[in-house]
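So, here come the structures, one by one.
Look at the two complexes coming up: subunit A is in both, with subunit B in one and subunit C in the other.
Let's turn to the complex of A and B:
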């Protein structure tokens, strides 16, 4: 299975991924509607993108009372607009805060992996977002373990 | 007032969304600081096509609204902060800001750029430009958050430098990073230092022609834009993305842009040194001191000497702007913006400072105080030479200031920013200070008679830029960098010391720079074929915008700015370098190359080719006609055609 991985140390905070994502989501450039969000940290010096990791156990999907969240052929959890009643339960259930509510459409919306060709990864000039095969469904935990080990070894705080 | 004046737009019916070309927000934000009135003004699709945005739009507003008696410090002067149709789109480096105003250095037109996220934030808030007039009764900042636009009390921000101002506003609004774009002035702007700049987003500076002094005079401390929530549509979004990809490919692979892509402007230090273009110690030499190994000044070395990371502008993939930490010494741990080439020269070589750590520190101090780093270099180098040779004394200055002393230079910066002691005179810029002292002091100063500061080069070995700087109407140069010149029918190479060829080139590339500066993009990310940029613009707007139209547009903008300057009394009589600026290098690669001997001829050729009258400086009637500027004819030539 292929997943979106992020390499925060490569991110420069140019926000090009947000432009690309909003275009895929809405057909216009409107970062406010991007489902990938780049957050500053260490003041204004560092940035990291973050979006839905399509976690193995999709809490959004479990929480949805009308079953509006399904799994697409690309392996993404996606909101079926016709079914979504806009109750926002999924946005509360998601531990990562990566499912959003759109006031204009009154529906929830989230990363759908662009149907298997993620626009954010394509748009990122620094390859801070990559779309790769992963061997385990719980790749996020592996990622966290690997990253903490690496940072601790390098003496970073 | 011309029949095509933008003021006509006031009467324009509220354009329906579908009529606005893609890439445009469709409105200008108008602010009168005297009355506190804020309003938005739609502009028409026809005017968008004619004036595009940025300097194109700004030039027209300036011409229509700022009369000859409205000097730079008059409340009716306009401070125009404009972006353009590519800002906020995924074309690399499109957060662009162009500042147009009547500037304090030349008391004439100004076009100066900065990037970061200003342009993108403004567009997502629904505006293509901000036009500021009047003078606030007390210090204010302009706050923009979609439809909420307010003037807010800024008295608590006074005295803060530009980075502190942005920190404070970020904290007040609880927004960090690029969720808020802040452009502000520091103490130098507040105290009307004539070469004060406007700085924003930690390290981006619209530095030319004293635009920061204009902002200070208006008592506007900062402009603070929350990244808006509006949608920006393109006529052909896929087309924009494809054009952006093609431009990115060009930037990564084309020899004229590749090193810029990889290392930003850093490689220019050694590159220009080899040509005698790196200015050293106020133009007194072109040779590095014997204890300096130029290999230590290669781009990668300059970057890797610091803990650094990318800090790019909106949607930019260039490895250009970086932020870094001072690694050692007295200022260890301070966060600074990685110097541009202009910083390495103005805060470094021009003042004899060859310690990269000291230069990096001083450079950010200059941005934070908010003065133009080029003018600071010429001024500080001139003071240092004065102390050495005696036209300025230690007693006058109050302390010793020797070549290369970055700490001393920072002290000088403080004096100037607060107009203390000799700093009050120096705050007028090197031209006015040197003319006041006269004699040897005047002979040693680097300036143009027009008042514009040269960029951070030794133009005695870069004649195209000296000619451009002296003839431009923008307070800096206006024709730009000769890249992809064959596209506009010029020879790929010229002899840089053949005045005739140089003048032909400067005249031939004319237009390109104003076009770039109208798009809301960066001159580095537009260092590709014009055809690519036109394709991006066409995809954004739905126009069929050709290379010919882009060049014609740029030349039209140049002619409007020139007409503005002529009306302000700035003509060919001041198109001259100062004695030192136009002198002949006595050592180094360009030793003996005397631009002074060819200057008159160069001007003759340039005037003929651009179609301006050599004597009066006016664009000739046939030039106006060719550019579609018949409406300027009466103003320039006194009678109707």
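Let's turn to the complex of A and C:
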């Protein structure tokens, strides 16, 4: 299966992925509704995007009481809006924190891999997000461990 | 001869069991379902109450779905007695059914406070579809609804009642609201928020009786001050449906005691969901959670085991979320152990509250309260669940979270929680999508 591979070292924090994602998902440029989210590290000297891994368990999908989350042909777990009642159970079931609740539509929303052509990967100018055939992995941990050493040391006092 | 599986109860646990058996065996075995009601999801009844969904939306399987799954049904019938020695179940109409293995998933029922008048017309429970219909018929814009009880279930229908244009008063015998879902500080925040949004809350009051006065229900309170209501909802607790198992010899404590395969003291009898007392994944202790995700996971694990797999269950995670008037209230794991070390943080300006509970440097419980419009701007809620679920050691991140309890993401990522989670599946294989009937023939 093709997955979103994240190469955090390449991310410049330009946030084009968030813009592209929100535009694709909602038809408007509103990063608050992006399902890929870029976080700063080392006091905004480096950045890393983070989104749903389309995990094997699909905690969001199995938790949904009305079967509103399904698997698309691209292999993404996707919320079927007509079925979703907005109970938020999926948002506490996903242990990665990558399914959200939209207060305006009263539905859950998440990464659906844009039907197999993810807008974030297309928008990223540095190939920090690539859509390729590989096994999903913990793309960010090494990067985060390295970039947060100083933050932790400063707090240790 | 193909195995004969008997499933008693068509709620969350029963349906997940059936679906999983069919995922595993493609229709090879015999499945018989006995259920007092048609299959539906109780926890979406609040959305039927506020009319945001049609009644048909609550059903989790239709007759056609069950036929496609090759399930023989006895719907509208109750299990009356079980004879584990003979592997036989007797129904309330005298029918006897034999099985090779059996799942008991009869869920719970609502219990009313034992006061005179509790069973009179106009005093409702809100647990079944039938009860939901009665409440819907009884509320009109401008109605005064009095809810007795301020627990989680009461709170799941609070928004719906308000959105119907009713006025709401909550009466609670305990000194505070949400006793089993959040701590005192969290409860105080929610209490203040609700009062600000026009909900009247009376805590520490004892209801003595309910009678009729001037065409309304009159609630007599011990300290005086009667309340007049157009409709009363009693959300005063639930009880597992286990009475029919009396004399069966199955070991029962608060629920049916089950091992890590969800087997009861009788090996070919499984129990799941609200009737099962199984392992809590955080504390390791046997517990009845009576929540949807536990019923779902129990049901899936039983289904796989009935189909011949050997699946041990990691244990369930206590978790709840409810939104009231735009405020999200959630808790995970062991958030209420008084002996546990806890960090709390309150941001009154944003009505946000956090409590993080620890065992050494492992996060073992959390309470999160915040405006719904704010909470989903971060990924915190799910990540806290991930941290509690994996129980990984957080080392120096613990200190970071003490100083910054709202900065969960770097701790989650740098503690390699993702790597710990990725291989974790409940059934030892990827989950299938729920629209199963189309794939049943193999």
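The criterion applied here is as follows: the second predicted complex is superposed on the first by the 134 of 157 C-alpha atoms of A that agree within 3 Å, B and C clash if a C-alpha of one lies under 4 Å from a C-alpha of the other, contacts with A are read in each partner's own complex, and residues count from 1 in each chain.
One rule holds for everything that comes next: contacts are C-beta pairs under 8 Å (C-beta built on N, C-alpha and C of every residue); 3 or more make two chains touch, one makes a residue touch a chain.
Nothing here was measured: the structure is a model prediction, and the numbers come from that model.
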First, second, both or neither for A:14, with subunit B first and subunit C second: first
Touched partner set for A:144, first subunit B, second subunit C, both or neither: second
Contacts of A:45 with subunit B and subunit C, given as first, second, both or neither: first
Greater residue coverage of subunit A in the superposed arrangement, subunit B or subunit C: C
Subunit B versus subunit C as contact partner of A:32, first or second or both or neither: both
Subunit C-contacting residues of subunit A that also contact subunit B: 32, 39
Subunit A-touching residues of subunit C, taken from the complex the two chains share: 12, 41, 43-44, 47, 52-53, 57-58, 60, 292-293, 296-297, 300, 319-321, 323, 326, 328, 330, 332, 372-373, 375-386, 389-390, 396-397, 399-400, 403, 409-410, 412-414, 416-419, 421-426, 429-435
Contact footprint of subunit C on subunit A as seen in their complex: 32, 37, 39, 41, 48, 50, 53, 55-58, 61-67, 69-71, 83, 85-89, 91-103, 106, 136-141, 144-145, 148, 151-152, 155-156
Touching residues (chain side subunit A, partner subunit B) in the complex: 9, 11-16, 19-20, 22-23, 26-33, 38-40, 43-47, 123, 125-126
In the complex with subunit A, residue positions of subunit B that touch it: 88-90, 92, 117, 120, 124, 170, 176-179, 202, 227-234, 237, 241, 248, 309-317, 323, 335
